[in-house]
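Please find one structure pasted underneath; my questions will follow.
Read from first to last, the chains carry the letters A, B, C, D and E; within each, the first residue is number 1.
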């Protein structure tokens, strides 16, 4: 697959840029810890309320990380006309989209991987058994977030006025993704029953598929001259 | 190239420019500051869309060299080359890469970050990159600027190699004597219009008439 | 140079002796706590560790100020070294505390003011190390570190106040109060054990610090040699 | 005052750039709105709990959007060696600090101005009468946030993994601001009594003053070679 | 300038460079790619700290001109000038600003965004900026690159004006003939060391010996 090969190279480049040393990963870990501290200071999270608040808090952490990552996502391409350098090569434009989505996803998943257990320890939650399902749902939500976010971030790369409309369309689309994920998490945490979560889950998957396809198709137009 | 025009806002940067390029031809693109040289090259490289007109390319691979741009500053020299070669679907071996770098006097700089290179070294690196990619049409935008004597030699031998390999080359520059010595044909732009298109000797003879401020006062421009 | 090395070695040896004596005293001679039993003995490590961590923060501050003022690489090496060892001791305190907390309180962690403060201390130290690691250019990294060292130190009293108020003004103090040991009926040998361990930790701290400084100086020396050639 | 004159020019420049591109404001507004929706969907905020949860939620939203602005605060200076261009002029380095603090403050206050009423509407709150005092406290908190945030946004300018490093460095230092602001807001919402909030308010003001002074004095080292 | 040295990591970019500058002197700074010219200028402009050595300046205001850099792309020409003049504590009237712009052939470009300027126009804008600021020492890093003939004339008249006003000027360039024609003194760097410091005629006579690759093969470098 030509597309995948190119996407891998682009991904390799981003990863290279990010981790010349392993400290970036460490910073991820402490970042997760920090967010939980912040929550603790903002709301008294009492034991009896934790289960109820968990999905919201977790997603707050993830969305925040995601947004921060998005502002910097295309920074390497902004500098020194590197986007032009990429466009001069005959690569499939969608490969850039795929690689940035994956890069963003990796970053967020790493934070999530840290935050989940930390959350459990610090707030004394007993959801170890549910962890796989929680993670699966979160993954779907994160994917949707990354896809939309990458598109959004690519659009702001260009300052042309007419394209400022696109974020206006894109951004509200994030809300259903986040909503569906939170509801799913809530249901799983409350009852552990997948069956109840199905409608939300289907919605989530549908969103992911639609946005990925749309992004894949639209991206060439977004970055092209 | 047919009737190429480009407007920015309400202003024409390029007006009805048409010309043909033959394979293996080397063209000097001359013109005052703001004449539209860079705009023309960007249109040719498809980094910009023409407001009107169309571009037809026989071999679609276009190389565009702007000194100092188009490199990831925080990747090393080797990483930059590997990335761009991979995206160009270019299967050069590491030995060939090493050879191109040594031609550009960058041996041993493989593991340097690009941000640690001097201006001339970055330009040499770009030359090495296009040397490896072998594009069908190469556009050079003021390539002489940061190069020292040896760098100019490298650039010119690189250009003549390419033209021998049937690549068309366009050099936009203000180093008119050097460019005319190297190229067989010249284009002159003035305020977005193509005012001259012909062999270099005609250009050299008519230069004063074509653009008042192409040469500094009293410059001898023998080649 | 070599006299400094000898001093450092003596410091290390002394620290070792005191640690051994202190551990003997703490683990064997001092009686078990009336309420907590043997688990209380971890206090002999716990309290000295946090003390050295505080000391560390102060040294980072001093080193940072000196560096910004005089621009001597020496001061930067000092600050960096102190920060690294500070992380070690702060982390140690938390781990000891957690180990202690499990049998006494039944949880590893609780949002008590003192615990929170220690954790914040750790986060600041860690941020210091991260900041330095993630900035490529050496001088930049040193200056950035110095700035964080100073601002962080200035911030400590404010953090201290806010965290304590957070726990006291806002809601009744939690049932768990690690800071109220029954001093009235402490056995004297408990105090002796604590004192010996204090000295031991301070000695250990300065030993580690001197070693870490030596390491930093060696690295600087190595860089210089690469530049100027062997001399 | 030379310093103020220079700071005004620098501020004028930032405002000009922002008006032309609207990059920061746009992403901040979007993110702020997204956070509100997130809160709305994930925490059932009941009337009886409002006083307790509102300050945390609001302030969290501000801090997070503020973080987003901070990662982009020095973007204009990053491009095209403009920071160097500034340093070539004999201006007082502290003017840059002052101007960036004010600019950041303006951005955040604008966002707050929108988020406050939106929040009130979404959650059916009746705190219109308290609005001035709430705003005063929030202003003090925001100022503290901007001061330290600007300082460390400049410090981390050349760091890798910047988007994670900045919050990592900043948040622990900001804990007094976070705690003090939230407590103040809570007290005001609960009882409307200033007297109870005094210690916190004093802490907040002390924080602002200390770090404005420190930042002012130290900033020269932050941007110099 | 005393014993100036600068190291990057374990590599010297500049080694024990010492020289004095008199007011009103114009110095050509020559050297191959990577010789350390840019590094030296950055040290002089205090944008970089020397690893060792010290710089003493009689008049502290240092101007540093690098084509294409140091402008806010999303501000207009006029806004850029106003901002920088204000920060330089320079109280030029709008009429004077207008005059400097018209000298740089940028009349009417006041309200253009800098990102809409061509490379040469940006360079002219920088010249206009320093023309207005009148620094005590001006450093030019490869200023000829993007300038057309008229631009070169502008630059050179600007430089001679400054030297007449007792400003010292250092020009780092690879356009050796032009630079030597303009300057009274030359410095040549080779791999970070100052290998020549003397009047331009000595430099011109010894150029082949000083750096093998300063000039392209067979270039006639009369001035």
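Keep in mind that, in the parts below, contacts are C-beta pairs under 8 Å (C-beta built on N, C-alpha and C of every residue); 3 or more make two chains touch, one makes a residue touch a chain.
It should be emphasised that the depicted structure is a prediction, and the values quoted were computed from it without experimental measurement.
Under the contact definition, subunit A and subunit C share the contacting chains D. C-beta contact counts were set side by side for C-D and A-B; C-D has more. Per-chain CA centroids place subunit A at a distance of 24 Å from subunit D.
Look at where the CA atoms of subunit D average out and do the same for subunit E: the two points lie 41 Å apart.
Averaged C-alpha coordinates put the centre of subunit A at 47 Å from the centre of subunit E. Shared contact sites, meaning residues of subunit D that touch two or more other chains, fall at 21, 79, 160-162, 165, 168, 171-172, 175, 179, 225.
In subunit E, the positions touching at least two other chains are 49, 68, 74. Residues of subunit C in contact with two or more other chains: 120, 123, 126-127, 130, 134, 136, 139, 166, 170. By the touch rule above, subunit B contacts subunit E in their complex via residues 8, 31-35, 37-38, 67-68, 105, 116-121, 123-124, 141-142, 144-153, 156, 174, 178, 212-217, 219. Per the touch definition, subunit A reaches subunit D in the complex via residues 17-20, 23-24, 27-28, 30-31, 34, 37-39, 41-44, 52-53, 55-57, 59-60, 63-65, 67-69, 71-72, 78-79, 156, 159, 164, 167, 171, 174-175, 178-179, 182-183, 186.
Considering their complex, residues 107-109, 111, 116, 119-120, 123, 126-127, 130, 133-134, 136, 166, 170-171 of subunit C touch subunit A.
Taken together, the subunit D residues at the contact with subunit E in this complex read 2, 5-6, 9-10, 12-13, 16-17, 20-21, 76, 79-82, 84-91, 225.
Residues of subunit C touching subunit D in their complex: 68, 120, 123-124, 126-127, 130-131, 134-137, 139-140, 143-144, 146-148, 150-152, 154-155, 158-159, 161-163, 165-166, 169-170.
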